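Please find the structures below.
Each of the next two complexes has chain A plus one other chain: chain B in the first, chain C in the second.
Right, the complex of A and B next:
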C-alpha cells in the first residue's frame, strides 16, 4: 500500500491517528454483532452473579462471583475485540473502502495505530462498565451478609492484600557449593555428565528447603517492608502456604506456626492440623504482630512439625513460598487495576486481530487469529510434555521403528514448541483474575508489566509486521 | 441463481425439514427404548440447560472436558470454592450421564469434605454432594434408578457409617434438621396437608409425603432422623424405576439399611445436651424379614449371606431383649432356610452358641453395642421380675465386659465410633424399659423425654458394678 503524507509533524500524525481511531470506534459500536455481544456482556455482568454458586461460604461465593463475572465479561469482550480487529482492515479491503483511504495522505502505520486505538477505546468503554458492574455486584453481595461475615469478607476477599514474601531459598548457591565440594574432594561420580550431577544435587537442595519431617522445624525470614500498611484495628494478617504433599495417603500433619520478630519470635502462634496438600490460609489475630507488620519490621515465620506419632512429613511448594498477606490497598483500586490489566490483554488481542486482518481476508483472519490465540494459550502444556524426560524416552524408543520423516517431524516439534513457548510465555504471565478474586493486590508494578508487555511490546512487534505487510500489499485491485 | 433453481432448493429444504421432523419422533422413541433412563427429551431441564445442550451440540463435550480439567486442577491446588459451580456446569452440559452426576456428588461428599479440618465445613461439602443429586440430578433424570441409589449411598455410607471421622456430627446435623422439620422422629402424615410450610420444606428436600408414607407403612415405623431411613427412602424410590439388575442394588440398599436400623434404629436424641444414642429397633424384625424374602424371591441365592447374617443377629438380640416368641420364629426361619450344625441342636443350643460368640465382643461395633444394651435390658427385666441379685450380677458382667471392650479400643477408633459409655447404655435400657414394660416397673421419665442418668448405685465406667 502506498500513501502520501500531506500533513507533516507530530500534530498531523495525532490528528490522522485520532481521526482513524474515531472512525473505527464509531464503526465498531454501530456494528450489529458488536451491539449484540455488548448486550451479552451486559447480561453477563448483570445476571450471572445471581446464578453462580460458591462453596456455601460467603468468601467462596464472593470469589466465584468476582472471578467468573469479570472473567466471562473479558471472554465475551475478547471475542468482540478479535472480531472487530479482524474485520477492521480486511473488510475495508473487501468492500473497497480502502481505495478511498489510500488516496488520502495517511501512512499505513497511522491506519494501523488508529484502528488499534479505536478498538481499545471500545474495549475501555465496555471493560469500564463491566468493572463498575462487578464492583457494584460485590458491594451488593457484601451488603446482604450479616455484619461479622461482611467484615470477614472485606478482610479476606473484597480487599487488596500485599503478599510479603521471604527471600528466595538459595537453591542454586547450595547446588554450586555442593558441586564444588564434591569436585574438591574428587568425589564426583565418574562417567556422569555435570548437568545430571547438578540436577541430582538440585533435587537434594530442594528437599532440604521444602521437606519438614516430623519433629523438625523450618524458618523463613521476611525482610523489612515499608510497603505494608499499618493494619486497621482488628484487621487480621493471613499466613498463606502451599503444600505439595502431606505424607502418605490421607494422614494429616499437625504442627505449630509461629510468627514474630528477631527479638520476640512468638508474637503470634497458631496450631494447624493439615489434612491435605494445596493452598492453606491461617489467620493471625491483630495485635503485636499486626503492629510489627505495619511498622515494616522484619518478621520471622517458623513451622514446627509435630512428632512422628501425631504428624506426617510436609512438603512445601518451592514455586509458591510461604508469605504473609497484609493490607496493601483498597478493593476499588484493585478492581480498577485488574480492569486495566484486562485492557492490556485486549490490546494484545486487538493487535493479533489487526495483524491477521492486514494480510488475510476477514473469515480467514478471524480463524487464523483465534487459532493463534488458542495455540498460544495451550503451548505451555505441549512444551511441558516435550520437556518431560519420560516423553523423550518414549520418543526415542517408541519411534525406533518409525520412518525417518516422522522422526524428523517429532524432532522439529520438540525444538519448535519450547521456542514458541519462550516467545509466548511473557504474554501469559499476566492473569489478574485469580489475584483479584483472592483479595490479593494487583499492584501497580504488575499493571506496569502488563502494560509494557501486553499493551506495548507485543503490539509493537505485531504492528511492525502488519505495517510491513500493508506497505507491500496491493489493496486496490479491481473487482 | 434463477428463480426456478431457488424454488427447487426451497422445495428440497422444506422436504428435508419434513423428513427430519418425521424421523425425529422415531429416533426419540428408539433412543428411549435403548436407554430407558436417558432417552427422553430434557423436558424437565430449565431453558438455559436445554439451550446450551442444543446450541453447543457436540462441542459441549469439549467444554465439559475443559471445565473438568479446571476442576481437577483447582482441586489439586486445594482450592475448592469453585467446585460446586463447576460441578453444576459440567453436569448441566452432560445431564444424561449418570456417572457424571455420581462422580461430582461423590467427589464433593467424599474427597472435598475430608480435606476440611472443621466438621461444619465437612458437613457443608457432604450437603453439596447430596444437593447436586437431589436438587438437579433427579430433576433432569427422574427415572434413573442409579441416581437414587447414589443418593441413598451418601446417606447409608457417608453419614450412616463410621468411615468418616466426623460421622457423628453429620448424624447429629441430619437428626436436628429432620427433628425440626417433622417435630419429632417421624411426620404426622395425616396432618401434613394442613401445613404448607412443612410441605414446602419437604419438597425442597425432595421428600414426597406420599412415598414417605408408603415406605414407612411397608418397612417401618421408621425414625426419619436417621440416615439409614433416608437410604431406604431413596432406594425405594429408585426401585420404582429399576429393572432387574438395578433393582438388586436398590433392594440391597433397602435390606442393608433396615438391618442397620434393626441394630441402631431407636434414637435417643437431645441435641441441646449433645445426646445422640442409638439402640436396636426390634419392632422392625417382621418388616426386614419381609424385605429379605421379597429380595430372595427375585434374586435367589445372592441374598443368602445377608439373610443368614440377619437371622443370626435377630435370634440373638430378640432373645436378649426378652422377645422369645419372635426369637423362636427367627430361629425357625434360620433352620428352614439355612440348616446347619448350629441349628441342628435346637433353639436353646443355638442361642447358647450365639451368646458365647457375642461374649467375645469381637463383632462389628453396632452389634456389640446392641448386645451390651441387651444385657443391661435383661437386668431390668430380672429386676422387674423380683430377681434383684441376678439383675445385679447381669449388670456387673455387662459393665465389666463393656468397659473392657472400650478400654481395649485404640483412642482414635473410640473417638470415631463414639460408642455409648456404660452409663449411657443404662440410659438406653431405662428408656426402653419405660416404653416396653408396665409403668410401675420402669423408672419415671424426665420432662424432656430423655431418661434420667442411672441412680447413684449404678456402675459407671470409672466405677465398675460391685
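Right, the complex of A and C next:
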C-alpha cells in the first residue's frame, strides 16, 4: 500500500511551511492581538506628534514625527513580536498541539521556519502601515509650512542624503607604532601589563586625533567618490560635525571651517561659533564645491580653531567627526528602506523568541529572551568596562584576601564579555531611525547588510540551535 | 472484524516492539515512574489491534513512543520497518490523540486544510477530502464555526477527521470513543471496520471493553507497563465448555423436549432465556426514528457514510 499522495520535494516543503506560517498568522489575528496592536499603533502614530513639540523648528517637528513615531511603533511591535514568538512553540507544547504536529511528516525546521515567517507577515503588515502613516504625516506637516521652510525641510530632513566620510583615523596603527617604538628604546614602563600600556597609548592617540586645541587645525581628507551626485542648482551641501566636548567649562569655541580640494582648499569657507557639544550642521552653497563633489574628486575639510583668547579646545567624536551630506535619493524610498531594515530587526527578535520558546516554557522563554536582548544591547558598555585597565588595580594593589575570588571572576569576565561583544556587535550596527530622521540615506547597501545579518545570519544560527533542541525534545512528557 | 486473511498474512509487521521500556524522570534526571517495562508486541497488516488496560497501565505511553512523541528508555520500536521519527513513516500514519489538541481559532474546514498541508496535499484534493471527511463525521453544517466553540464529542469527530486526511495505512487511535455519544461510538466502530476491510491497520487504546470487543482482531492487556494477556479476541473470550444455541421462539412442548434431550446428554439442565437487545442498539434505534421525524440536533448532523477517498472510490488515488 502506498499513500504517497502529497507533493514531494521543494513543493511539499513550501506547502508545509506555508501551512505553518498561515496558522501562526491566523493565531495572531484571531487572538485579538492584531486588533489590540492596531489600536496601540494608531494611538502612537496619531497621538505622539501631537504631544511632542520638538525643538520648535520645522526640522525638529519633522524629526519627532520620523524618529519618535516610527521608533515607538517599532518598539511596540518589537515587544509584541517577542511575546508572540516566545509563545509560538512553548504554547504549542503546553496546549499539546505539538503532539499532533510532531506525529505528522513535518520537520522541526519546517515548524520553526513557518512560525518565523508567520510572525514576520504580521510584522510586515504593521510596519508597512506604520511607515505609510509616518510618511503621510510628514508630508502633511511639510505641506502646512511656508514655502521657504518647506523647501528647507525637504533638503534637510525629508530627504535621503548620502554621507561622504573621511577615512577612519589610524588609531590602532598609531598605538602599535608607539608601542614598538617604546619597546625598541627599552622605554616600556616596568611592571605594567602590555594591555594597560597599550590602553594608555590608545588614549594618547585618540587625543591626538580628536582634540583640536586653540590656535591649531585639523584636516580630514574625503576620498574621491563617484557615488555622490551633483546637486541641482541651489541645492546646498551640508557639513555635519560632531563634538563630544567643548571644554573647559562653558567656554565657547570659535573657528573657521574650510572645504575644498587639495589644489584649492578653500572653495567654501564658513566661520563657526560653537556653544555646545553635539551634532552641528553647516550649509555650503552648491557651486564649485558641488561640482568638485560631482566630479568625484577628493575633498579636504579643515577646521582651524581660534586663538586661546577667543576659543576653547574642541574634542571631536572619534567615530564620526565630520561628514558631507549630499543628495542621494528620494524620501519615500528612504522611508521604505527604513521600514525594511526595521523588519529585519523584527526578524531577529522573532528568531530570539522562537529559540527561547523551543526549549523553555512560555513565561520563562519570555523572560530569558527579553533578558538576552537587553544584555546584547548593553554588552558594549560591559565590554568597555572590562577593557578598562583600572579593573585590574583592585587585584594588584590591595584587598588581597577579599579580591582573589573576585579576580577570578574578573579574569573570566575580561575574556567572556569581549567575546560576547564580538558575537553581538554586528547585530547592533543596523539602527536606521537616526539616519532616517536626519535625512541621511538609508542605502540599499545598508538594507542589504541588515537583511544579511539580522534577517538571515543570526536567525539562521538561532534556527539551527532551536531545531537541535526540538529534535531532542520529548514533546509528550507528562506535566 | 477484519478478514482473517489480512490478519494472518505473512507480510512484515506494521509495528514491531521489542523489549520496550520507558522510564519517566524528574527534573534532576532521577527515575520517577517506569511506565512501560520490557514490552514486546507486533501489529500485523490489516488488523485491528487493541491495547487495553486500566489508567496508567502504559497504553498511551506505548502509542506515543510508536509515534515519535516520546523516546524509549530501552528496547526498540519500528513502524513500517523504520524508526518512529522517520518522516517517510509519518506520511503513512494517522493519529487521534487522547485529548483532541485542536486549534480553537480554526474552523473544522481550516483545521483539515492545515493538517492536509502538513502532508503536502495539493489544494484540490485537500479541499475535496476536507468536504468528504466533514460529511463523514456529520459536521458539514458546522464547517465554518470555530472549533473552540465545539462540544467534546464534536471536537473528537474533527480529531478523527484530521487523522484520516492523508488516507493513512496505519491509524492510531487513543481512546477514540471517549466523549462520544453512542451514535458517535457506533460510527467510529463502523469506520474502523470499514478501514480494516480496505486493508488499513488500526491500533487503538481503550479502557472501554465493549468497544474493543466489538472491533478488535487481537488485543493485549497491560498492567503496570507489562503485558498480562494477549491474543485473538475470540480465542481469549471463548468459553470452550459452553455452547449457546439461538433459535426463533418455539412452542412450549418443543422447548420441553429439547431441554429433556439436553439434560439427558449433558447430565444437567440448560439455562433458557429470552435474549434482550443491548442498550446501545436500542438507543440507536430510538435516535434513528427521531432523526426521521425531526430536524438534526444542533451539534452533530447526520453522518454521511465513509469518505469516498477512504473507500477507494476516488479517482487518481495513490494506491
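As a working rule, the second predicted complex is superposed on the first by the 404 of 479 C-alpha atoms of A that agree within 3 Å, B and C clash if a C-alpha of one lies under 4 Å from a C-alpha of the other, contacts with A are read in each partner's own complex, and residues count from 1 in each chain.
FYI, contacts are C-beta pairs under 8 Å (C-beta built on N, C-alpha and C of every residue); 3 or more make two chains touch, one makes a residue touch a chain.
From a predicted model like this one, the values you see are computed outputs, not experimental measurements.
Using the contact criterion defined above for the overlaid structures, shared-chain residue A:461 touches neither chain B nor chain C, since it reaches no partner. In the superposed model, more residues of chain A are touched by C than by the other of chain B and chain C. In the superposition on chain A, A:68 contacts chain B only, with no contact to chain C. When the two structures are aligned on the shared chain, A:377 is found in touch with neither chain B nor chain C. Of the two partner chains placed by superposition, only chain B is touched by A:55; chain C is not. Contact with chain B, but none with chain C, is seen for A:278 once the two complexes are overlaid on the shared chain. Contact with neither chain B nor chain C is seen for A:416 once the two complexes are overlaid on the shared chain. On chain A, the surface touched by chain B in one complex and the surface touched by chain C in the other have no residue in common.
Touching chain A in their complex are the following residues of chain C: 24, 64, 67-71, 87-88, 90-93, 95, 97, 99, 101-103, 105-106, 110, 113-115, 117-122, 125, 146, 162, 166-169, 172, 199, 317-319. Residues 76-85, 88, 114-117, 121, 124-125, 127-128 of chain B are the ones touching chain A in the complex.
For chain A in complex with chain C, the touching residues are 1-8, 11-13, 15-16, 18-19, 22-23, 26-27, 30-31, 95-107, 474-478. If you check the complex, the residues on chain A that touch chain B are 52-57, 59-60, 63-64, 67-68, 242-243, 250, 273-280.
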